[in-house]
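After this come two complexes, each holding subunit A, first together with subunit B and then together with subunit C.
Moving on, here comes the complex of A and B:
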């Protein structure tokens, strides 16, 4: 009996927590379907009388969300692939090879984790403007690729593979790159999926850097696109919320599809999602 | 393929791990590299495989100098102590891996994989993953993978030490069978003298990186060149005594001596193998302990201020404290220099 009460309290608290987390989303969704008077009414109305799906059509016409979506997929996708390639190759080198300055280089790699990324923004911006990369995709993508933490994490996984497998592969006529592709990667595919998903999410959600680099719609990603959309329809809250819903939708689907791996990855890496 | 090593040396920061001198490993035979842990036998195997580079010296496979070749160009198969199978591949993929790397045609890969699987008798396991196999089965897969590329030399690094006792017996017979069937020149590293004695054509016994003796197992047992070799082979091991040598006779006790035609300056150590003793009336001894070993009975008794071990027939019922008569078969008795451990031979033997 006592246990049942305990269970019930736990459940109530969880539902309460979930509701608090979900309320802004529900409010956004509800508002996006209201008329303007409903959206601005005082006292506030929770749900619209008749859902105004037309808001979405209108929102889609105010800003080029299709273009923003394409840019977001392009930026996050390419950045994820390149980050994975860079991480895997660096971690592999740190695992397999013995070279002069290896320890120092690895510590420098780790040291990059100690610097808050906000500190680097100005320096990075100066660098890319000297390269004339302002308002280009490479300007948005390339400075974000190297991650000391992911290299460290990948190396930990690689180091768990017994070195005798490397020797066996050598004798079997398997070169270093082939060993990476045929043995190391398949044996660590979970870790690679985790890093890939986490990179994709953080790229999708990144805001300040793409905001600084992109100067026109053709390079804007969804997160910034929303900012400009807000300026365009500043007084129409219902359209703003429709736009916000459109922006969030792809990530929501992504979360639903990769839910299991994301939770695993977050608990494994001990990092924010 | 005959394997020749010319003054092969490997140094590890200040210590000499291996120094082979001139060493030839017989073509088409099973050779055991035997020695205690840390004697350099695995290092020597890695030098032959190319996974480690020698400090100096040359390695020849037949007439081919392979010293500067990487492992994959040497035409060797290597089996590791813990098998080193690729856990994410099936048995068939594991066996085929060396062929895939060489871009052999698919049909030929299938055919050769199947042939290897039948040689090591794992046809029904081809679609399993390594973690679904027993240790012995994994070892069979590892051997198949090593042999599938038709190597000139097969190297086995302590292949049986991860198996339990029963499987070890089974697998060592299997290794012998597979070696005989394929006729591949095989080098087998082990620290277990019984393993080496039972299946090899020839044994190379090493100590601190240096070869002590190289010959057939029976000859090594019967005719050791020094005290180390005599001690390393045999279970229960050989016992040593400081018997005095006087007037051309070796005095086991004051009343019992054997003719011994040796000239030697300095101290002499006499080694007696437990099977040298038998029932007789040369010597009366009091039994201290009795151990029934199944196929024979091991007794101990005091002799010349130390303890001697003797093997008696299993039907011989003796009890501790009992006094019995024993005698020695002199051919199982060896003399060594007390300082260097070098064998001292009788005049007529030399």
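Moving on, here comes the complex of A and C:
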């Protein structure tokens, strides 16, 4: 009996917590469908009398959210693919080769894990300016591509593939690059998916760097575009929330579809913080 | 995952193969690391020691500690340190306590684990900037829900976003809400690694739940727990997005009252173009993060398990 009461209290607290976690989203969605007087009523009203779907049309007219979405997909997608390519190649070299400076280079990889990326923005912005990469996609993407942590993590996985396979492949005349593509990659699908998902989410939500580099709508990702939209509609909270909902929606759908892989990936490799 | 030696890793291929081709594979990653990670560190260190610096012409003059002196004496930086410490020392313990509680509760469920995990994790994947817009209005002193709910408990309406004494409180609340997701997932992963046999044994012996928690769960969760603590502290030291999204980006609240260390660096560099001061602040920030990372390494060595 006592156990049951304990269970019920836990469940009630969990539901209450879940409600608090969801509340900003529920309020955001509800407010995006309100008229302005409803949205600024005192005391606040939770739900609109009739949902104003027109708010979304109006939001889409003020700011090119479709373009922002395209930019976000482009930036996060390309950055993820390139990060994976750089990570896999470097980790592979650390796994199968011996070479001069290996220890030093591997140590450098580990050392960069400790450097907060916020430290780098000053000089990187200066570098980008000198390369005339301000307000370009390569300016947003390229400085973020190499991660010592992921190289280290990928190598840990590569090291677990038995060497017999490599020797057998060599006997059959398989080159190193082909061995990577045909054996190593398929055998480490999960690790690659983990790194890919983590990179994609962090790229999608990255903020301070794209904020500095992007100067016009054709290079703004969703979060940055949203801030410009906010300034454009000033205090029209219902429109602001329509914009915020538009920005949150794609990632939310992506999350709900891949939630298992995402949660697993974050608990496995998310310690980077 | 047993091989963790850094120095000279055993080659799983047995034979040692020296090859120059290795550099070809390493080139892309190390080119980016060199230009956009290592070079900026060196340059930032250099710029921090200049007494004045113009970045367009790359001309610096006077070498010394004057930038550090300026930054450390700057009331805005002191405020940034104070606010960041509030977020770290008040926000992080609350987040961890709540996350641990939620993870324990979710883990003890027989049904519905997945649903709660899915819901609690949403803030991790959604854009902080977009949610920050919502929090801005929820904290609004006239039509925000926070004051509305508090009014039921007889609390007078507070100016969460405009009272300089309260801005850091609202930012801290936002960081707590925003940080829970990640910590719950890490705690759940740690809890699921505990062998259920311990709990079965405890049940057979009729061990009271409190004792089970302190004698079984906490000791076996300790490595996860300390990792989460350190990661959260480092993360909290980097607080920036929450501040930026709750205010308009031109200042961190009235009189910059919600300023954090990273916000200070950004503001010094981007809004005021004082590169040497921004660099000096960034170096101080780096030293803090390095000290915390060293602590993390020490802890992860003491508690053998890795998350």
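Structure notes:
Assume the second predicted complex is superposed on the first by the 270 of 273 C-alpha atoms of A that agree within 3 Å, B and C clash if a C-alpha of one lies under 4 Å from a C-alpha of the other, contacts with A are read in each partner's own complex, and residues count from 1 in each chain.
One rule holds in what follows: a residue touches a chain if its C-beta (ideal position, glycine included) is under 8 Å from a C-beta of that chain, and two chains touch if they have at least 3 such contacts.
All of these numbers come straight from a predicted model, not from anything done at the bench.
Once both complexes are superposed on subunit A, the partners subunit B and subunit C fit side by side without clashing.
When the shared chain is aligned, no partner comes close enough to touch A:74: not subunit B, not subunit C. When the shared chain is aligned, no partner comes close enough to touch A:192: not subunit B, not subunit C. In the superposed model, A:162 lies in contact with both subunit B and subunit C. Contact with subunit C, but none with subunit B, is seen for A:108 once the two complexes are overlaid on the shared chain.
Touch criterion not met for A:60: it reaches neither subunit B nor subunit C. With both complexes superposed, C is the one of subunit B and subunit C in contact with more subunit A residues.
Look at A:36: by the touch rule set out above, it reaches neither subunit B nor subunit C. Subunit B and subunit C never share a C-alpha pair closer than 7 Å once the two structures are laid over each other.
Of the residues of subunit A, those at positions 162, 167 touch subunit B in one of the two structures and subunit C in the other.
Subunit A contributes residues 162, 164-165, 167-174, 178, 183, 186-187 to its touches with subunit B in the complex. Those residues of subunit B that touch subunit A in the complex are listed here as 49-51, 70-72, 76-78, 80, 82, 84, 86-88, 97-98, 101-102, 145-146, 149. On subunit A, the positions that touch subunit C within their shared complex are 6-7, 10-11, 13-14, 17-18, 20-25, 27-28, 31, 39-44, 85-87, 89-90, 92-99, 102-103, 105-110, 112, 114-116, 118-127, 142-146, 148, 151, 156, 159-163, 166-167, 176, 201, 204-205, 207-208, 212, 222-223, 226-227, 230-231, 237, 240-241, 243-245, 247-248, 251-252, 254-256, 259, 262-263, 266-268, 270-271, 273. Residues of subunit C touching subunit A in their complex: 1, 3, 6-9, 11-14, 16-23, 25-26, 28-30, 32-33, 35-41, 43-44, 47, 55, 98, 101-102, 105-106, 108-109, 116-131, 133-135, 137-138, 142-145, 148, 151, 177, 180-182, 185-186, 188-189, 209, 227, 231-232, 234-235, 238, 240-241, 244-245, 248-249, 262, 265-266, 269-270, 275, 278-279, 282, 285-286, 289-290, 293, 307.
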